[in-house]
């Protein structure tokens, strides 16, 4: 049901400014004294010293997961590159030579670049990965860097980043 | 004019100048910290002295340094001379009005240790009042000098070649001139009661009788409102009007020139707090404290007396003055962080249609009551 | 002429036409793996099963000829359920290979799964799948993955029926059956890449194209294969300025729906050894601006007496480009001697491959209205000092028995207009880069004398110019007249000199 | 005595042209207001939008249906989830798809939380521009707590990209209901403090009451919707008028204003925050169990991850959706929902490929901003500020 919102009367209480000012100062000074004496209600944090824990779902910088033997889980299927709305992923596929222990998977990312400056952290790449090879569960955000190339993340760097718990592996049960 | 007089005045002058400029800088910190505390924030804490954070106090130095090394930008088509002159004109009246503030009782260096029974005022060879300049028409001097504050703002706005500045200076001119009237009129009641224009005598009157706020409560409220309007702070910060006209008359200022405006505004709060204390809160007066000690006379307890040496009385009274000024500064700042901003026409209406008639009425009532009492 | 009803609509087809073909004519796409219009019917994939009324069982549409009064349903629940079941069977042992399979994106298993199945796997564990051989090299161009194979035998039939070399066969039985090459043979008969092309799934893949680019990134453009004088219709797949492969395009007058290995790989003419900017200097070319290069070319050509100038036409380039050069040479430079640069001949067979590896030798002849002189004549003339300056089109110039470059080096001035390095540009003083065949539009006249027009498959890259544009700018620098400003004007001029347009290719 | 006309007695003065914005403290959302001033009276104003135009509609045509979600986050960046939901509803309407009940409830809960954020930040900005900086920070603080919850749910504070066609990215985290139940009252308390500071304060009343007044007729004529329209007394709310999701099953009221001035708009927003909180609490109580997305067999959503990793069937489905996008049948649809600023409409055309052929947005504040010129004409320069604030122009949405 619609109802009409209240509009206060304008009698001497309001019109004389002072009572409402005093009431307002009651609110502000309550905060002031609560913050100065004892209980601190501050919501801001001293950022680099105090770090707000990111929730588990936080979409941070990317990482590439590894197989048990340390090889990249990624097979350069380009799904993430396809799904990325910011076009920040660039992959060049390579194939394992015959006789290589991983020759049965045939394909691996010879190059894997993520331009974290272009990235919009939407997480579509993680969703698009059919191998659980790319993840954003690192709990890291894109920090300021001194030069643009520093945020062009390359394959080996991405492989070396761990998740928030320090793990480099994945939940993908496929051993192959 | 004795050598002592010259030395004492010079010392007071230096002390006072250093004091108020430090005070102005300190107020920047107070303002930031206090707003942070009110708004559930932390406030500035990033400038550290080595490992010590000192509650962000180092920021004052950092700010000063930043202001000094910042580019002094002058718009291409601005009037360079006036543009440079304006900040000086803006800060000048603030510094000068400080000169007449009686921030303590008369002190006699010859009798620092003695307990005086004779009276409040020393007339000895080594005595001096704790006031830079004793002016017979102190109050008029204050009003006159404060009145020139508008010049800086107007020139700044006009010289900047910026329409926002222009609007700001126009607002400043009309606002300051309007509230100038009230500022004076709200004090006429006090003048009538105290019977003097000398600020030190006003304090003495309150010392002997009772505080101005008791005899002139309406005058206090009106003066407070007019004073905040004079110092151009929320809710009367229209000349700056951050969200409307960006920064008003000093939008085109940077570096130390900007600092002059900014510090001037903050020191003005200090000055106004001093005057509020002098006019309405007994200046350096401490209740029950006389020149010879504490005279406690409460109806149920009877009269009691503790003798005190001169130096401790002076120190207590100086401390009391400082405390009052701090409290009043706090009050002004609390108001600033509580209220929204008024609109230009509402401000004018408030000035001319409410505060001015009320202060006139205050004068009339005071006069009638005084006449009746005589 | 039997008349039948398919999905409620009547159609009349000639006798012997199968249901799948009849339905295709009505715009109904019947899913299939093993059926191919150019190959014999195997009917082993069972994907094209349709319901024919009064017939108790579903029938393969690819095998059943249309008959009078037949009532066929291609999309009813029974048919769909059959297709779903087929898909489930086909995927039962299929490896989880989409991420590494080159076919994904153009894989029929993927298409039909989305259309007809969409159900979860009922297999308990991935470990239960039958394991077979993976990435078995069948030949220099083709690898085989037995796990992905659906045993449609298209490749087997292709080798046996088109190439007439039945080297592929099925081995083992049931779940374990797979394709294999006959012992001691490898899959190299000049058409081996067609087996990968017709493979509906990712079992046979091209070693050349493997992992180069995902197919869904590719953009296709219609073109003519530049590999030989046959002039097969083809589609060029490219992405971001790079060509990746040629696929055959249906053209029943020339190549039906096939392409030879050399043809498929001739996309490399676009990628390899490209000249990207004008350059000056013989032996040690230095990049130059178009301004400088054109001025240099104009000065060098201009200072040579008319009689000592000559032009080299190219059998690699289109009729339009050759015509523009002929007009420029005759009218602007007063040249009367025209020579022909061409790639050397290669092997030929009875199917698609011509010995002449140039796509437009016949076209050049038509444009010139006479037989151009061979390169050997130019070399002789150059040695004798009768010709000092040459403006040459195209990159490659072979001459029987003579090393062309040594002869060309005797020429005082060689201005080369080419898209890549080769005999002529290497010997040139000024190299003016033009677009590759894929970046140009024009006409090739094939060995049969069919003129085939094709459009620009890829945009002209930065720093390149069309041939007619280069010639027009040269003419302006020489203060000579050149009649054509746009490609369309050249085209109109050429059109009258061409034979009737050949039967244009249909959709791929 | 000669008679003088008024004009001859006053000095001739030209109106002053003042460019407010695009970089001006109050012109947030990047807009320019070219104001013609006579003294401080606004003779005319020309509101120029488009500074945040980034071709949203064209961008959508480039990407697949799913890739549009990150773009919708950037429409009304104060309440991205509502845009997410609006777009998802539009595509689902085109697909003829009904999402499961749990998904609908979660969408309602998250949407209303986003609405609270949006109204908070709008009111906060308006208060700040009136000089009440403390109110701004209190309200932003209230929003901050809700952001914490949203971050926990979606993985990002602002750019959530959380909805999916036919479902959601994730289910709610485990302690979600408890978190909301504990945080919402805290936020409401902060909002209550702001009301104490402002609503009966004469300065605030003077600045907002009777300023920026618009009649219901004019508001409707301008195409106003949302809280701005409701402040004039027209009780039009898409959630009530054309219920979608599960709003029909939830009990809430529509606060309307009476004068259509800045004060009413401000108070309506604060009241709507209360109503939204009510909706959230109810929806939390009623939240059913079940799937959060349509089943995999519809081929709309990316299939379950574990199945994708291990079975070819779901891998194929996954690839087809990634490669080609969701196959939306050809057709067109106009779908609208109640976003924070009013009716957010998506007009989508599909040609059967995996990408939107056309995606047109009807942003609520585009219609609202149009009236700004009319609302401020004849008023004072400072009146532009609260009026602009109460209309709540969001550049991302208005300029697209």
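Order of writing sets the labels: A, B, C and D. Residues in every chain begin at 1.
Quick note on the criterion: contacts are C-beta pairs under 8 Å (C-beta built on N, C-alpha and C of every residue); 3 or more make two chains touch, one makes a residue touch a chain.
Note that the structure is a prediction, hence the values are computed from the model and not measured.
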{"item": "Which of C-D and A-B has more C-beta contact pairs", "value": "C-D"}
{"item": "Between chain D and chain C, distance of the C-alpha-averaged centres to the nearest whole Å", "value": "53"}
{"item": "Centroid distance [mean C-alpha coordinates] between chain C and chain B, Å", "value": "90"}
{"item": "Chain centre separation (chain A, chain D; CA means) in Å", "value": "24"}
{"item": "Interface hub residues of chain D, defined as touching at least two other chains", "value": "134, 141, 197, 201, 203, 309-310, 315, 318-319, 323"}
{"item": "Per-residue overlap in chain A, given as positions that touch at least 2 other chains", "value": "21, 24, 27-28, 43, 77, 79, 82, 130-131, 174"}
{"item": "Contacts with 2+ other chains: residues of chain B", "value": "38-41, 337-339"}
{"item": "Arrangement of touching chains [line / ring / star / complete / other]", "value": "other"}
{"item": "Chain-to-chain touches, reported pairwise for every pair that qualifies", "value": "A-B, A-C, A-D, B-D, C-D"}
{"item": "Complex contacts: residues of chain C adjacent to chain A", "value": "96, 98-100, 104, 126, 134-135, 210-212, 214, 216-217"}
{"item": "In the complex, chain D residues that touch chain C", "value": "296-299, 307, 309-320, 323-324, 327"}
{"item": "Chain D contact footprint on chain C (complex, rising order)", "value": "91, 94-99, 104-105, 109-111, 113-114, 117-121, 123, 126, 216"}
{"item": "Chain C contact footprint on chain A (complex, rising order)", "value": "75-79, 82, 93-95, 103-107, 130-131, 174"}
{"item": "Residues on chain B engaged by chain D in the complex (per definition of touch)", "value": "35, 38-41, 163-164, 167, 234-235, 237-238, 241-246, 337-346"}
